[in-house]
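Order of writing sets the chain letters: A, B and C. Residues in each chain are counted from 1.
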Amino acid sequence: MILRELAERLGCALRGDGDVEVRGVAGIEEALPGDLTFLANPRYAHHLATTRASAIILPPGHETPLPSLVSDNPYLSFARAVGLLRPQGRPPSGVHATAEVDPSARLGPDVHVGARAVLGPRVRVGARTALHPHVVLYEDVEIGEDCVLHSGVQVRERCRLGNRVVVQNGAVIGADGFGFARDAEGRYHKFPQVGTVVIEDDVEIGALTAIDRAALGETRIGRGTKLDNLVQIGHSVRVGEDTVLAGQVGVAGSSQIGSRVTLAGQVGVAGHLTIGDGVVATAQTGIPNSVDPCTVVSGYPAIENRAWLKASAVFPKLPELQRRVRELERRLESLLERVGGG
Amino acid sequence: MILRELAERLGCALRGDGDVEVRGVAGIEEALPGDLTFLANPRYAHHLATTRASAIILPPGHETPLPSLVSDNPYLSFARAVGLLRPQGRPPSGVHATAEVDPSARLGPDVHVGARAVLGPRVRVGARTALHPHVVLYEDVEIGEDCVLHSGVQVRERCRLGNRVVVQNGAVIGADGFGFARDAEGRYHKFPQVGTVVIEDDVEIGALTAIDRAALGETRIGRGTKLDNLVQIGHSVRVGEDTVLAGQVGVAGSSQIGSRVTLAGQVGVAGHLTIGDGVVATAQTGIPNSVDPCTVVSGYPAIENRAWLKASAVFPKLPELQRRVRELERRLESLLERVGGG
Amino acid sequence: MILRELAERLGCALRGDGDVEVRGVAGIEEALPGDLTFLANPRYAHHLATTRASAIILPPGHETPLPSLVSDNPYLSFARAVGLLRPQGRPPSGVHATAEVDPSARLGPDVHVGARAVLGPRVRVGARTALHPHVVLYEDVEIGEDCVLHSGVQVRERCRLGNRVVVQNGAVIGADGFGFARDAEGRYHKFPQVGTVVIEDDVEIGALTAIDRAALGETRIGRGTKLDNLVQIGHSVRVGEDTVLAGQVGVAGSSQIGSRVTLAGQVGVAGHLTIGDGVVATAQTGIPNSVDPCTVVSGYPAIENRAWLKASAVFPKLPELQRRVRELERRLESLLERVGGG
């Protein structure tokens, strides 16, 4: 594709030679002639002088001899360019001969059902959705349009996925929540998990992530929210819209996570809490109490991020601080002895 | 079902109209007419005045105009009521045409083997056990009676599960433990993991949980113990009875976890430790040393919970504490200068 | 096998009766007559007097009446002995009738393809590699020689595995990295993940571990590196050689982990960092910044291990330290009042 055509399709201003041909995509350091690259973080601007790319997407205000596309959001424009230059094929429409589709299941047009997939009674799958090999949908599952479920995904009975939902390999949606009632002898008895899971439109779910069904009612993941790999969502949790949960995050049962929240890697949220809209928790934060909207929190137990940064900076000095207190005590004691009294 | 019948089946005292019909189950805030609900935590007692439920299970000593069942353990009684009002169907007995069952495998009566399941040589499956689609049992696996293994579960060679064991989707039982011997050049050589895993009766194992086989001997999960999702159990670990391991807990090789232990979410236990009976570890606790029975621990490295709570409360004040020490030093210095001496 | 033969095959010096027959292998406390055991950690040397084993592998300098093999690396020698005494069968060569192998796939000699495995277009599998039931290889995957992929493993399009790679059950190699570009309205748009994953020779990958494909370029795991269960490797991460990542470790996107690194259980590494060769991070360490080679780090944020140990020892005393500072302030105040001035 020539750069001029890309400029038009991305809605970016073109600078320099619009006839240059771009065939590949690469990071600014790895790019070779023929590649399109991008500059999003000004920290990398010094690579402008040395990159071997044939063209670049960059924000306004940078000088470069390279043919360029100017974008206020170069990372988003580059993401779209990658989609245009490296289109990812859809698997062909049709049901593989070895798939096991219950006669009562209903499939929309142009659905792909891969080898060994199993679709239970009354399953519904929307138009153009791709179910890769070894996907298992229990009875009464509903999947919307234009979804992609990768191989090994398991969706349990009655769970519902919206449109354009992407589920990476091996994720489990709708396993029983972890609910047990303890008797007088200290033995646990299963609380039947009769609720369900609802995944709204445009959600992405990472590999080997588990989203448990509710005990009663539903577990819900809001529109546009993105979950990374190995995330654990407990029963009856509700997650808002456009929220990001990074790898290995865990959210215990019945907690509510707001919209536009970011939980970084390995963050844990206890049960029955409310995490407000726009909250950010840095990596490994442990959240035992509800958090007000738009707060940045860190540490365990989580406190306001700036307070945590300051306290964490003092932490390695604790042995020295202890010594100084001991020395103060000694000196004060000796002074008191000298001046008499105490 | 009318409330009088439910009272009889649960062994609860009935108060009010026993002829009221209950059809559904719901939480106290979400319940609608026709629903049975419950009150376990007195914190929610104020909802008694406003719930729309038709009947309620609650502990002695609460006033309500609703038809009620009185129980000393309302949560357990409600769990049983859910089982009665929302019975979960068993899949039909029989072996699906697409299941691959080795001729040497032995299946008890009324077993369900789902589509695409694979049962290796000499596998034994007890009566009424359900193996959902895509379950894989390697050779010589033994599964007891009345078990449920959900889709995507993998059980490796020679592992044994007792009776009434429930395994949620995608869990892996008996993968090789993480054992390597390092040579003089710093390269790692696999220590063959020739042991096995034993899961005792009434255990539940969460989705995408991994329980490794022992290097030698066995890894063992005790009767009635419940493991949540994404839990990691290292080789040769032993877990006692009626213990609860919450989501994303990790236990390193050869550690022993006692009975009636509770490890909250994301807790980590190092290898070769003994965690006594009745220990509780709060979320994200890291345990590098053995813990005495009936201790409550927190933090990393884990310390007694009350000490940790008090120290954690001081942590955010560290910068202030540092300032106060500096100020004390300054004032003492100036005083010493004034009175002469040091 | 008689001990003399074992001595020859392991290259160990024999002490005592070389005709003793060893049939089994066991730990020093569990061993029975007929078993071979080992002593690696001197902490267990007192068991030499009581073990019931018929023979033992141990380091020079220990006295025992037992027939023994002397080794400078008893654990490594014992690992090899286990491999000889308890050889693990390879599954038979051949493609199971229910496997789905695309006609364009190429299989080397003596490959095993288990029941229900799915091999996509243009897949290549090297000699003697075993693909257990339900393995899924997307199109253009390349697997080397003498590999073992256990049941439920998913390998995505174009990923490449070297020789002698072992992948435990349910692991996912090559799922999409977690890359999204945010637009002005705060919505996330997928950055197409068009890169791949390369696994070098002699790597072992644990059960339910996820290694994401790169956005552009490749994610790479170096020769001889061992990953435990439930590990998360983000897109474009590079891991060096002979490195060990323990259970539930998470490495965020684009970070580089050196060679001979050890990350203990539940360690988290933020994105875009460089972790030098020979670094050790103790369990649950959170690493927000790059780490110099051969450093031992602990805590969150990670600091040098010895400093962390000392500071952690003071942490429980924080309430007392706070009291002492308050007392110092009170006494200094009263002294100042007495001597006049401030």
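Keep in mind that, in the parts below, contacts are C-beta pairs under 8 Å (C-beta built on N, C-alpha and C of every residue); 3 or more make two chains touch, one makes a residue touch a chain.
The shown structure was predicted, so the numbers you read here are calculated from the model rather than taken from an experiment.
S.K.: By how many degrees does chain A turn when fitted onto chain C using C-alpha atoms, rounded in steps of 5?
M.R.: 120
S.K.: Have a look at where chain B meets chain C and say same if over half of the interface residue numbers show up on both copies, different if under half do.
M.R.: Under half shared, hence different.
S.K.: Between chain B and chain C, what is the separation of their C-alpha centroids in Å?
M.R.: Here the centre of chain C sits 25 Å away from the centre of chain B.
S.K.: I need the residues of chain C touching at least two other chains; which ones are they?
M.R.: Touching at least two other chains: 116, 134, 152, 170, 208, 230, 248, 266, 284, 299, 315, 317-318, 321, 325, 328, 332, 335, 339.
S.K.: In their complex, what parts of chain B are in touch with chain A?
M.R.: For chain B paired with chain A, touching residues are 25-27, 30, 73, 75-76, 78-80, 82-83, 86, 88, 98, 114-116, 132-134, 150-152, 166, 168-170, 204, 206-208, 224, 226, 228-230, 242, 244, 246-248, 260, 265-266, 282-284, 299, 312, 315-319, 321-322, 325, 328-329, 332, 335-336, 339, 341-342.
S.K.: Report the residues of chain C in contact with chain A in the complex, numbered from low to high.
M.R.: Its residues touching chain A are 100, 116, 118, 134, 136, 138, 152, 154, 156, 170, 172, 175-176, 178-184, 186-192, 194, 208, 210, 212, 215-217, 230, 232, 234, 248, 250, 252, 266, 268, 270, 284, 286, 288, 299-301, 303, 307-308, 310-311, 313-315, 317-318, 321, 324-325, 328, 331-332, 335, 338-339.
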